[in-house]
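There are two complexes below, and they share subunit A, which is joined by subunit B in the first and by subunit C in the second.
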Partner chain A sequence: MSANADTKKKFRSKSRKERTTRILIYIFLTLLCLIWLIPFFYLVFQAFRGESRSMVTYVFPKEWSLENFRILFKETNFLNWYFNTLIVALFNAVLQTVIVLSVAYALSRMRFKGRKLLMNLMLILGMFPGFLSMIATYFILKLIGLTSENAIPGLILVYAASSGMGYYIAKGFFDTIPKSLDEAARIDGATRSRVFFRIIMPMSKPIIIYTIMMAFIAPWGDFMYASLITFGHEEAYNVAVGLYKWLDKEHINSYFTVFCAGGLFVSVPVTALFMALQRYYVEGVTGGAVKG
Partner chain B sequence: MAEVSLTNVKKQYDNGFVAVHDFNLEIKNEEFIVLVGPSGCGKSTTLRMIAGLEDITDGEIAIDGTVVNDMEPKDRDIAMVFQNYALYPHMSVYENIAFGLRLRKVPNKEIHQKVLEAAEILGITELLGRKPKQLSGGQRQRVAIGRAIVRIPKVFLMDEPLSNLDAKLRNQMRAEIILLRQKIRTTFVYVTHDQTEAMTLGDRIVIMKDGYVMQVGTPQELFNHPANLFVAGFIGTPQMNFFDAVLKKSGEGYKAAVGDYEVNVPKYICDELDKLEQVPENVQLGVRPENLIIDPLGEKGIRASIKVTEMMGSELHIHAEYWDGKPIILKVQIADLTDEEQNRLISKESVAFTFRERTINLFRNDDGRNLAVPGAVPVPKTEKFVPEEKSKKNKKDNKKK
Partner chain C sequence: MKQMAELDYLGLPPFKRRLHDIGRFFVSLPGRLLDLLKKIPLGLKKVLFGIGGFFANIGRIFKEGDLKTRVSFVIMGFGQFFRRQIGRGIIFLLMEAVFIYYMAGFGLHYLADMTTLGTEAVTKTVNKYGLEVVAYKDNSLKILLYGVLTIFIIVGFIWTWVINIKQNALAQKLIAEGIKPKSFKHDIKSLGDEQYYKTLLSVPLLGIVIFTVIPIFFMILIAFTNYDYSHLPPEKLFGWVEFENFRTMLATDISGSSKFAFTFREILIWTMIWALVATFSNYFLGMFIAICINKKGIKFKKVFRTVLVMTIAVPQFVSLLLVSKMFADEGIVNSLLQKLSVITEKIGFLSTPELAKIMVLVINLWVGIPYLMLITTGVLMNIPADLYESAKIDGASGIKQFTKITLPYMLFVTGPYLLTSFTANINNFNVIYLLTGGAPKTMAYEGGAGQTDLLITWLYTLTMQNNDYKMAAVIGILVFLVVAVISLIVYNLSPSMKNEEDFQ
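Take a look at the complex of A and B:
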């Protein structure tokens, strides 16, 4: 009887200990979430502030208003910048996804001379920060007339041109798909491209979604290349460059709250994209293909 | 339906490793050929070369007289069943089977009819709407076979199709493959490491070791007249027993002495021995466990001490040890023993046995070749492979030293 009671006590004390640990973990996580969300809520409050458009020392607005959004859409070039960014991001999402997946599949499946050298070279080149090549890239683009007012195709070209170098995550994914599926399809009568599009692609939703999201997000938030290639040509700005201009000395006092309103709109497409695609992002479809 | 011929086929990988050496084989129309051997012997590589999934380093592969060395797999009119099924997970069973036909632009009506026929043959009609992940291992393998038979290919290749199934299902599927073969008369090339599958399925068996063909023959030929010690040991369960023996001329024929016990060498072996320039004195005498005639009282013949006995139901396997420590396996039918004899054997006392003379095989001590099989291949010595780059480096290092 006493032994039984001891065991019960032991279990109870264990579960109590576990519960305490869990509570502490959740408190810590909640704190992290709050810290992470503070800048976002700050942005929201500033965007709806009606009393003054300059930076203030308090967080909650005294007067709620939509005036900042009216100014954003009616009195500034924001919509134009937004459209520019969307075009570049959409084009890049398509081009980069096609290029990255093709390169990754080829490197995963084909064996050719210099394959390892090529992979190592791309990996090493990728370690250098992109801005090292900015000046050279700018002059090349200028030579072919893709800067300033023609910056949008120029930007698309810049983003897409180096995208193949980001092959490794997709290659890692393709490496997990059994080669025997490709071989079965080739024997069934498929060409290599058919195998890629009809067998491998339908099984690769998570990596396609991941690549699309990354390819969309990178140009959406890019500042460096966009500011260099547009070179002060306001019509061709993207949102990052455009909005940043409102933070300089002469604009900040009259545009800070408008900047915050613009910031809110910038986060919309990325959030929407993630919400729409996240269910594919986590689900795998290889079940039953091979002996598991 | 097609003939397949492999002439001097060699496969060497970039790192210098030779997976298949000088492979020669003529596969007849509608023949069922089984490639068998231990892991890494080159059997799957050979099959993949026939399929076109591996390039050939040297030699020639022809299907129906057409050299297919540089032909894409899709143009060879072959079908293949993989060890791990390789079903398309995003397609239903119906679409998996129909995929090959769709790529060949067969009209939909015909596809439907052929898929139903194939499903009927394999008993998977009710599974056509399911996805591969909803199927059991046996069902998946049936779908994989269905995908292969639906096109009625010239050559049907199977790469260890039963290895992933449990023992019971494997036996069942093996019987189904025999039935399937009767229904679709085509040329089969089947790879396995399981000698039971090889013996039961094959018209002819090709035994391989370290990339070399050891013997090609019917199951009976391989079982009764193995070309060398490797084949003798590989085919048959439990494996053949080997004894150190001394060959002596005795009148017209020969006698082989195992210790004090002498056995008359069968006439067909004597005839082959007479053709030799020099008859070796020391040989290996091979006898299958079922061909050792056992004296349960432990009196007549060669004596051995019993180590382990295994009751297999209708037969008893006795693991014994010869005086020099060599293991011997004997197989005896339970029905042939009295209760007393059974008890004596199971209680691990000694056993005595003699040979069923006409079933013995004699092998050379030096290279393991069977003295009675003309043109027998010696057993290759397994060498540890060192990749070319490394071996070059080693040579350089040695030079420096």
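Take a look at the complex of A and C:
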């Protein structure tokens, strides 16, 4: 009897201990979520603030208004930048997906002379900082007249041209599809291209969606390349380069809240798209991380 | 952990086998490092023999070739014409014609100029009205660019030439054996079948050559010139200076000042510290948070996860620029702290050197933890549950379970990811540039560098603000060397890179 009570007591103390850890974890995670959300709330409050367009010493706006958005659309080049980025993103989503899937399929399913060498070369090329080759690419684009006012086709070309080196995640996905499927179809007389379109593609929906999504979202966040290629021509800026300028010393006092409004206007659709397709993103990054 | 006999090993239950593998991996690390060092001379030998074999092969083809094959050494496609491969013949002949036309009209001229990069930038002449006319003549930039392009075209041509010769040899052999060489129609068809990889890879590879390989080659050459703000074409010329820029970057410049070398050393050290701390702090804290969220009995898993994932979704230039303004001297954090009388003087979160370095690392946690949370969640779910069950029965505590099961498993599986994220952090432009822009600046540094600058952001500043292309190119090459050496070591040590076909 006493032994029984003892185990009961032990059990109870254990469950109490577990409950305290659970509560601690809840507190920790809630705090964490707060920290993670603060900047976004701050962004919303600033975007809708009616008074003073500079940085102020309080968080909550005294007067809520849509004035910042009116300025954004009517008095600045923002819509220009927005459509530039949208066009680049749309083209990039198509071109980059075609290129990445082609390269990944060829390297994953086919065996040919020089395949290993090719993969090693691409690996080595990837070790050079991207901006280094961008400097020379800028000169090349300038020679064929695709910088400054013609920066949009230039940017599309640059993003798409180098995207072949980012085949790793898609290849990792193709690697997991059993080869016996290809072989069975080949015995039945299907050509390689038929296997690609009729068998592998229909099975690869997650990776196709992942690739399209990443290719569409990337141009919205690119500052480094866009700032170089659009250098000195405001109409051709993308949103990142355009909004960045509003936070320098000359502009911040009259543009801070407008920047927040612009940031919000860019973030909402991109974030919504991302959240809607979250599942594919998670599959992509976890698969990619595990298989290298 | 000792190596087991094969039979004992196979007799183990699968999860113990896995643990044994992981243990062996860590034990064998030093040995692998030695093997790697031994491999380098062997690799070199292989390359040299490969080149020797290649020339011997070409020589043999010429010796054993019939007239058609031998003429094809000079007139490409000749053999193909007379072996009823008209389509191939036309393509080869056309390529040769275009190549000769390009070289004669354009290429040779630029190739010759490559040696000096131009001798006269502008010419001044007096026209018939007695006015001085200034015209641009040699443009070093264009000469170098077209020169590099010509070199690549020559390499490409030699490659087609070799293919042409090999095709001839093959066709000759086939005919001698009484087999008909394949028709052009068959060639086209096979591009959708056995040779489908050529169709798939041609456009992407062309893009990579033009927009990555040629630019990198070009920039490597720029590192050996004096191309900077005082040598900007078309008004001025620039020329070759051999290793002078590397000397400036690593030791002293012409005037004997070692300020550039000092700046480089300091920034390199900070870049390494940054990459190391950023990678591992994100890794362990991300893993910790993933474990918290995935713990049995915790509810709202999806809510917690979604909130964290939002930082990935919002474009970094919005979130990071905003955070940088929140922590600015006049920013909201300082204002609120003053209002709450926590502080009297403003804190220079991003404007005092030491604090700024800590702050970028902390804010980087905010950016990076969500990724790690996602990745580790995926891996954690794959750890066989029976491992924990048996550990519990054996009386292992929570911490012991973590250090003996979770951590080794995680490190083993995510090893390659750790490497990629380490190298990605070396080149992490966004976080640093959008948060501080490299500031606080200091007079002790050369080339507009600041205390939180990484090599990549310094490279950016040197290009965009200082037009100091030569030093930017040198930094780019040095970054490559650092990344390449680290990757080479880790790739050769990591086991998970080698089993590419495991899944198929």
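By our rule, the second predicted complex is superposed on the first by the 253 of 292 C-alpha atoms of A that agree within 3 Å, B and C clash if a C-alpha of one lies under 4 Å from a C-alpha of the other, contacts with A are read in each partner's own complex, and residues count from 1 in each chain.
The rule is simple: a residue touches a chain if its C-beta (ideal position, glycine included) is under 8 Å from a C-beta of that chain, and two chains touch if they have at least 3 such contacts.
If you're wondering where the values come from, they're calculated on a predicted model, not measured in any experiment.
By the document's definition of touching, of the two partners only subunit B reaches A:Met203; subunit C does not. Legend: residue contacts after superposition of the two complexes on their common chain; A:Thr191 is shown touching both subunit B and subunit C. By the touch criterion defined above, A:Gly263 reaches subunit C but does not reach subunit B.
Of the two partners subunit B and subunit C, more subunit A residues are in touch with C.
Using the contact criterion defined above for the overlaid structures, shared-chain residue A:Ile169 touches neither subunit B nor subunit C, since it reaches no partner. Within the superposed three-chain model, A:Ser102 lies in touch with subunit C and out of touch with subunit B [touch as defined at top]. In the superposition on chain A, A:Leu29 contacts subunit C only, with no contact to subunit B.
In the superposition on chain A, contact of A:Thr271 is made with subunit C only, not with subunit B.
Contact with both subunit B and subunit C is seen for A:Pro178 once the two complexes are overlaid on the shared chain. Overlap of the subunit B and subunit C interfaces on subunit A comprises residues 178, 191, 194, 285-291. Residue ranges on subunit B touching subunit A, taken from their complex, read 14, 51-53, 72-74, 78-80, 82-90, 99-100, 103-104, 131-135, 137, 140, 147, 164. Within the complex formed with subunit A, the residues of subunit C that make contact are 141-142, 145, 192-194, 196-197, 199-201, 203-205, 207-208, 210-216, 218-219, 222, 289, 292-293, 295, 297-298, 303-304, 306-319, 321-323, 325-326, 328, 330-332, 335-336, 338-339, 366, 370-371, 374-375, 377-379, 382, 413-414, 416-417, 420, 423, 427, 429-430, 433-434, 455-456, 459-460, 463-464, 469, 472-473, 476-477, 479-480, 483-484, 487, 496-497, 500-501, 503-504.
Residue ranges of subunit A in contact with subunit C, taken from their complex: 18, 22, 25-26, 28-29, 32-33, 35-37, 39-40, 42-43, 55-59, 99, 102-103, 105-106, 110, 112, 118, 122-125, 127-137, 139-140, 143, 157-158, 160-165, 175-179, 191-194, 196, 217, 220-221, 223-224, 227-228, 231, 239-240, 243-244, 247, 252, 256, 259-260, 263-264, 266-267, 270-271, 274-275, 278, 281-282, 285-292. Residues 111, 178, 180-181, 183-191, 194, 199, 202-203, 285-291 of subunit A touch subunit B in their complex.
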